[in-house]
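Read from first to last, the chains carry the letters A, B, C and D; within each, the first residue is number 1.
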Amino acid sequence: MSVVTSRASDPVVTIGGETANPVSRKVPIVFTAVTVIAVLAAISARSGDTAFRFTRSSADPTQLPEMHLPVCPTLWVIAVLLAVGTLFAWRRLLVRRKVPMWLVAVYGTLAVIGFLVWAGVGHAIPLVGLLGGALSLAVPLVYGALAGVIGERVGVVNIAIEAQLLSGAFTAAIVSSVTKQPLLALPAAMVTGMLVGMVLAAFSLKYLVDQVIVGVVLNVLVIGLTSFLYSQVLVPHADQLNTPVRLDALPIPLLSDIPVIGPVFFRQTIVVYLMYVAVAVVAAGLFRTRWGLRLRAVGEHPKAADTVGIKVISTRLWNVALAGAIAGLGGTFFTIGSGIAFNKQMTAGMGYIALAAVIFGKWHPIKATLAALLFGFASNLQNTLSVIGSPVPSEFMLMLPYVVTILAVAGLVGKSRAPAASGKPYVKG
Amino acid sequence: MKLELREITKRFGALVANDRISLAVEPGEIHALLGENGAGKSTLMNVLYGLYASDSGEILLDGVPQRFTGPGDAMAAGIGMVHQHFMLVPCFTVAENVMLGHEATRFGGFLNLDAARDKVREIADRFGFDLDPDALVEDLPVGVQQRVEIIKALSRDAKVLVFDEPTAVLTPQETDELMGIMRQLRDSGAAIVFITHKLREVREVADRITVIRLGKVVGEASPTATNAELASLMVGRAVELIVHKNPPRLGEVGLAVSELTVIDHHGTHVVKNVSFEVRRGEILAIAGVQGNGQTELTEALLGLQKHVRGSIRLDGVEVSGQSVRHLLDAGVGFVPEDRNEDGLVGDFSVAENLMLDRAHGEPFVKAGSVQQRKLMEFARSKVAEFDVRTQGIDEHVKFLSGGNQQKVVIARELSRELRLLVAAQPTRGVDVGSVEFIHEQIVAARDAGVPVVVVSTELDEVSALADRIMVMYGGHIVGIVPGATSRSDLGLMMAGERMTEGAAA
Amino acid sequence: MNESSRRMQRVLREITTGSALVPVFAILLAMIVGAVMIAATNVDVQETSGYFFSRPGDCLLAIWQAVSGAYTSLFQGAIYNFDAGNFTDGIRPLTDTLTNATPLIAGGLGVALAFRVGLFNIGGQGQMLIAASVAGWIGFSFNLPPVVHLLVALLGGLAGGAVWGGLVGILKARTGAHEVIVTIMLNYVAFYLVSWMLRTPGLLQAPGSSNPQSPPEAANAILPKIFGPGYSTHFGLVFALLATAVVWWILVRSGLGFQFRAVGFNPRAARVAGINVSRMYVYALLISASLLGLAGVSQVLGTVNTGFTSTIDAGLGFDAITVALLGRSTPIGTLLAALLFGAFRAGGYSMQAVNQVPIEIVLVVQSLIVLFIAAPPLVRSIFRLPDPRRIRDQGLRLRRTKKAGVSA
Amino acid sequence: GQAPTSATNPAAATSAAVAGFKPCMVSDSGGFDDKSFNQLGYEGLVAAASQLGVKPVAVRSNAVTDFAPNLTNLVSQKCSLIVSVGYSLADATIASAKANSSVNYVSIDDTLDADHDGKTDIPNAKPIIFDTSQAAFLAGYAAAAYSKTKVVGTFGGMNLPTVSIFMDGFKQGVDYYNTKKGATVKVVGWNGKDGSFTGGFEANLAAQNTAQSLIDQNVDVLLPVGGPIYKSAAAAIRAAGRPIALIGVDADITKTDPSVADITLTSIQKGIDVGTKAAALAAGAGSFDPTPFVGTLANSGVSIAPFYDYESKLPAGTITDLDVLKSSIISGSVKVTSYLSK
């Protein structure tokens, strides 16, 4: 008898002892397409320069000169780099390995720069404005996405993000107008967001109403209520109730002086800084703490959690409430965060986009944040390009962020798996 | 700690799952609970563990009445339970699963995973398990998951331990290991409730036996009772424990597999260049410890695996690469290993589940319409024929007990015109009476000239059914041996030792 | 026990335990909340409440008048107008309700069908817009014989919706892209696409006009009025009812529907049973989107046939979700829910015109109704209806059977 | 409070209306608090009603499908005059007016000429439209004169004629200034056909970021066109940290929204309120006149608001230039083109 554990005659390709991956052709194919487009762009490019501006105003502490890139040569350089990346991706495919994430990121950045150079001929691309706007469009999305991630991770589908953002925006406007203390508006908005979350939790956990129903209905309900109160109360008493005091930007010493990065990230209001904190805390909390472990257990396998003595219903309740508070905080960005008075439906479907970011980000706080940022970037790219004048009809420019999202989801992200018990009520026997 | 259940009654609607059941378990005792599928064993244990609230009755620990509002209370009182359906979070690691609910933390609620790993290693060492604390549970074979479940229960130092069918997915060696653990625990003074359908185990390890039928205690038995006695007490009639089967009348080669390789979604090669044949009228049993490629092999036979190389021929026709539907239509019967996930739609009625794999055409769908009357007749006859215990054919399958669910799957797969039957763990969790029946059905299919592939970790089952036995280890075929091969030889092969040089393809 | 006697028992039990009353009480409860809002916004109530303590009767009377007035007009705008004098005029509100319900029936069915396959189709807006544009374009740019023109436009619209939804299905099947993301995004894409076509001469814009609006539909392409020219109800209703029957047949009786439901409940088991899951997703989205397309078509060829704008969907894509959910994703339930919502829409107009009640109240009342109906225990405890906990498993079972789990 | 002893008529009528006169209004989906044409129309109606001593009825539409039912309901409420606000109500208004010849209609922003024969289709309806490009032309000229950075910007809610007419006139005004003064002031956000749009008429983040993108192009005059979106522009201006002037539309926003007075250069006024009020008063007095009203500089239907504090910041002579320019436009010697003049 001889002991057989593995056989040398194994015909299968394995590399370095690692297991081989059954092909994802998506990335190489997308790369190839992008490279072809880049080459076409380089061939057809108009001659001229595209300027990149690194400072927003002459008041910025660090002044950098504009960088002028000649369009044709730059595009050729980029096209060649992209081609190299594409070859690399195909090579990886041949040896059945994944294209590393950093390469995708570098590739994407190069492609975007190429696009800016191509589209901005004869104009200046204000980098700070472009990135800063992207961030500010993403802020409520990030908050909303965090709320969505927490909700789904604990097993409650949070469709009511829109309602939570809107109620937060509403409360913040009123509290800040009445007290003239925008800082007071933050906890107030969190409380209203939390209330919406509690209603969601109460109906879906206590009365076992389908979570999607409650979420959808809460959105309608909150839109109805805030619009009602807006036209009945806020409009007639706009002076007292709807002149929100804006949060001041608080530049962070030193950090805010870094060129480009500084003004974009560190010359912001407290709502934005709280967002950084929230993302970090939720990401670390979910995967490294007892809170996160229990929360995820309840969302993946509530019965298993129950059998080890975790109270499923109350875990869900409090975390959905927490999620509501986070989204409520995000809602403040619409009003006191940007200095706009409340008006009807001012969240304009952002809650649904945040929901998309949750899924796009595969229920992971960091990835969802990146998804929100991508959306913000595409939106603001649209703004910048339509301002400097684009030959494409404005409606098509406005489609850009949505199309980019679809392409990204279909082309790069693909299948994603929700937490197993998300959306399912927990009923004890 | 002494456990006493007094007059426990639990109803599910009209159904009385536990009818005034009383049970006492002394410290230092292994108390076996026997009963056919749906007798109410798990229900009783779930009441004990605080998962279900009983309608009446009392739970006493050391004579003190307890009030459990949830498992948390039961655990605090010193009760631990290994559940019939694993209570593990699939996307957590072993260590995370074990620590869940009583996590060791550092400052700020951060998890102390090192402590959890040490705990896992410590318990695993104590009982001689081999377990990587950082493995993801979903990647583990079922047998190993069972160990995790056991470690989970042990990690809390429970004084009363409930094992609800822990051996259903274990190999003989693993089962022996577990019984050793149970004896160890008993000797250290724990009160143990042990539920199983395998009479051999009961007689080997139990100190006392209580038998439940239709929610009532029908009697006690001594561990010295014979298998036949125990079986008839459980089922209420005499049970044949040996499958009567004639020598095979071998026909032509029905299934021919050559150089088959299967790559799973992680890119791991789980079946490696495997070749074998099954003739018409023959049962080939695939034995092996869970996770050695059997599951993937059977799935490949039904076209469920995406990345497959090599050839699969059915009656000489190449079928690899065909759609599942095509293979089903071509006459492949398939009993999946995991009936809940793969074999049944829990929210469908019994009748609907019986037509699940024939939803696209004759005989149940004509001109696009489901033939309700035909389906109902069919369902009634199958429920009667396979003795499925249900409140009606429109009962949702998820409300059936495990064994009865299994019968629904078997009934469905055996009621088609078959050219190949692939059955994975066909009697997992099924009571002795039903095992007998299911085995008879499989043998009948073979006698009708169908080539049969049975995958089982249960050596009794393998021996009972197999005309030939193929043992897999690490994705390879270790050997193909005659049906009469001894348990001990099989056990060695299952550990990767090759019996017959060159028998493997 | 045989099936029919069990069914009888269940019906009996629903009546004796007050389950049948739950929807009634849910509506009542929501309307009480609505009444508070109506009273609070009423000018007379505000005025009289200023001196409530010196003459409370004034205030109470004002409240009564405000609330009863509003709900009377709601009723008279939705069901029957007693002030009209004769029956032919009095019944007109009911026909308006039917008109308003028409797109909700079709759209609700679309969302419901997708739900049953485990898909959440939030893309109603986009699918309606595309369908309406195609149908509208066929309707105004050709000269075809009667009936033919209508049918071609109708089918064109359904196809348009189906393409827009099928795109989602194909992306999901091919790349695994989640339908929730794609449908949300495609709503915006459709909106901007249609907006652009409407302001581009030669596409959808009315010739000679500079407004982003299409020309009126040709007479032959217009859905005829069912009850004659005096009533708004058009043949879209017939198509919507037909669709209800078809969807009922698909879901309850057909082999395809069986596969749909299997996929909705347990895609893994469905796959093992030989059902091509991705194909079912594509089929389901095709059907779902053509139903939403029907909603769009009925808008553009029936309700607003004088030319359309990019708001022709009128938020119905989202209302359809609520309707489907209220109807528990069953065809009959959806039909009833759509009628209820249609009545609120119709009644809302007259409530606003007659009593100057802010239109948002209707939105609030509607959503509360959905919440309350979906939570029978809450309604029971508020109205102290008998609690059927004794037979609780049956209730659970009922609830569980109705829906495939949808996780978004 | 004190209970009143007898019912008093809250509105003290200053001129009597014909018996049973009931003025009504339907909004489009913006609603009556849109800081734009719906609101102005409503204010005009309310002003007329209180002068006539009658109670107006106003209903709001949320979508195209609401227009017809709302009109029908107002008719059955025995309204004698129905004002429909916004071009999108035109078809529904024509249909309703055809069916109810005894009711008078006023349509804001549309010519009610669905058959494009150059004449109103129905005798009982009065179109009120505005050639705002004329006033916007003046604003463009003033903006070009004011600009130090030599870049001025504009953006709109959506690319609709009633929106782009402002942007069009504005650009022509800047171009006129350039040719007149040999200057090179650039307009960003509108190229004569298309430009920068927020995709809707809400004062929200999208609008604010669009304004921000314009500011990043170094503009120092900003013309946001579309109801409340000027508020987002104002918020962006306040965050910009350098002086940027705002131009309002529809009403004189210095007056209607004092919070932005300090940054407002001027406003392009569109006399919807005045026009509505006049039409309602006439109808109330029994002398409804269906002749279309086209607001122009000549009849003061459109105009630019005073510059207030900004007057001193304009280059010397600009005010005089503007006065001359205004007369030239009125006389036709300077041509302003728009969709209305095509």
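One rule holds in what follows: a contact is a pair of C-beta atoms (placed from the backbone, for glycine too) under 8 Å apart; a residue touches a chain by one contact, two chains touch by 3 or more.
The shown structure was predicted, so the numbers you read here are calculated from the model rather than taken from an experiment.
Set against one another, A-D and A-C show the most C-beta pairs in contact at A-C. For the pair chain C and chain D, the distance between mean C-alpha positions equals 35 Å. Computed from the mean C-alpha positions, the centre of chain A lies at a distance of 31 Å from the centre of chain C.
Rounded to whole angstrom, the centroid-to-centroid distance between chain B and chain C, based on C-alpha atoms, equals 46 Å. Counting partner chains per residue, chain D has residues 159, 199 touching two or more of them. Residue positions of chain B with contacts to 2 or more other chains are 12.
In chain A, the residues that touch at least two other chains are 231, 393, 395, 398.
A list of each chain pair in contact follows: A-B, A-C, A-D, B-C, C-D. On the side of chain C, the complex with chain B involves touching residues 1-3, 6, 249, 253-256, 258-259, 261-262, 265-266, 268-276, 391-394, 397, 400-401, 404. Contacts from chain B toward chain A in the complex involve residues 12, 46, 49, 51-53, 70-73, 75-76, 81, 83, 86-92, 96-97, 99-103, 105, 108-111, 152, 261, 263, 265-269, 272-273, 306-307, 473-474, 476, 478, 492, 496-499, 501, 504. On chain B, the positions that touch chain C within their shared complex are 12-13, 302, 304, 323-325, 327-329, 334, 336, 341-348, 352, 355-357, 359-361, 364-365, 368-370, 372, 391-392, 394, 396, 399.
Here chain C touches chain D in the complex through residues 50-51, 54-55, 58, 77, 96, 192, 195, 199, 207-213, 216, 232, 299, 303-304, 306-309, 311-315, 346, 349-350, 352-354, 356, 359, going by the rule given at the top.
The part of chain C that touches chain A in the complex is made up of residues 37, 40-41, 120, 122, 171, 174-178, 180-182, 184-186, 188-189, 192-193, 195-196, 200, 318, 321-322, 325-326, 358, 360-361, 363-364, 366-368, 370-371, 374-378, 396, 399, 403, 405-408.
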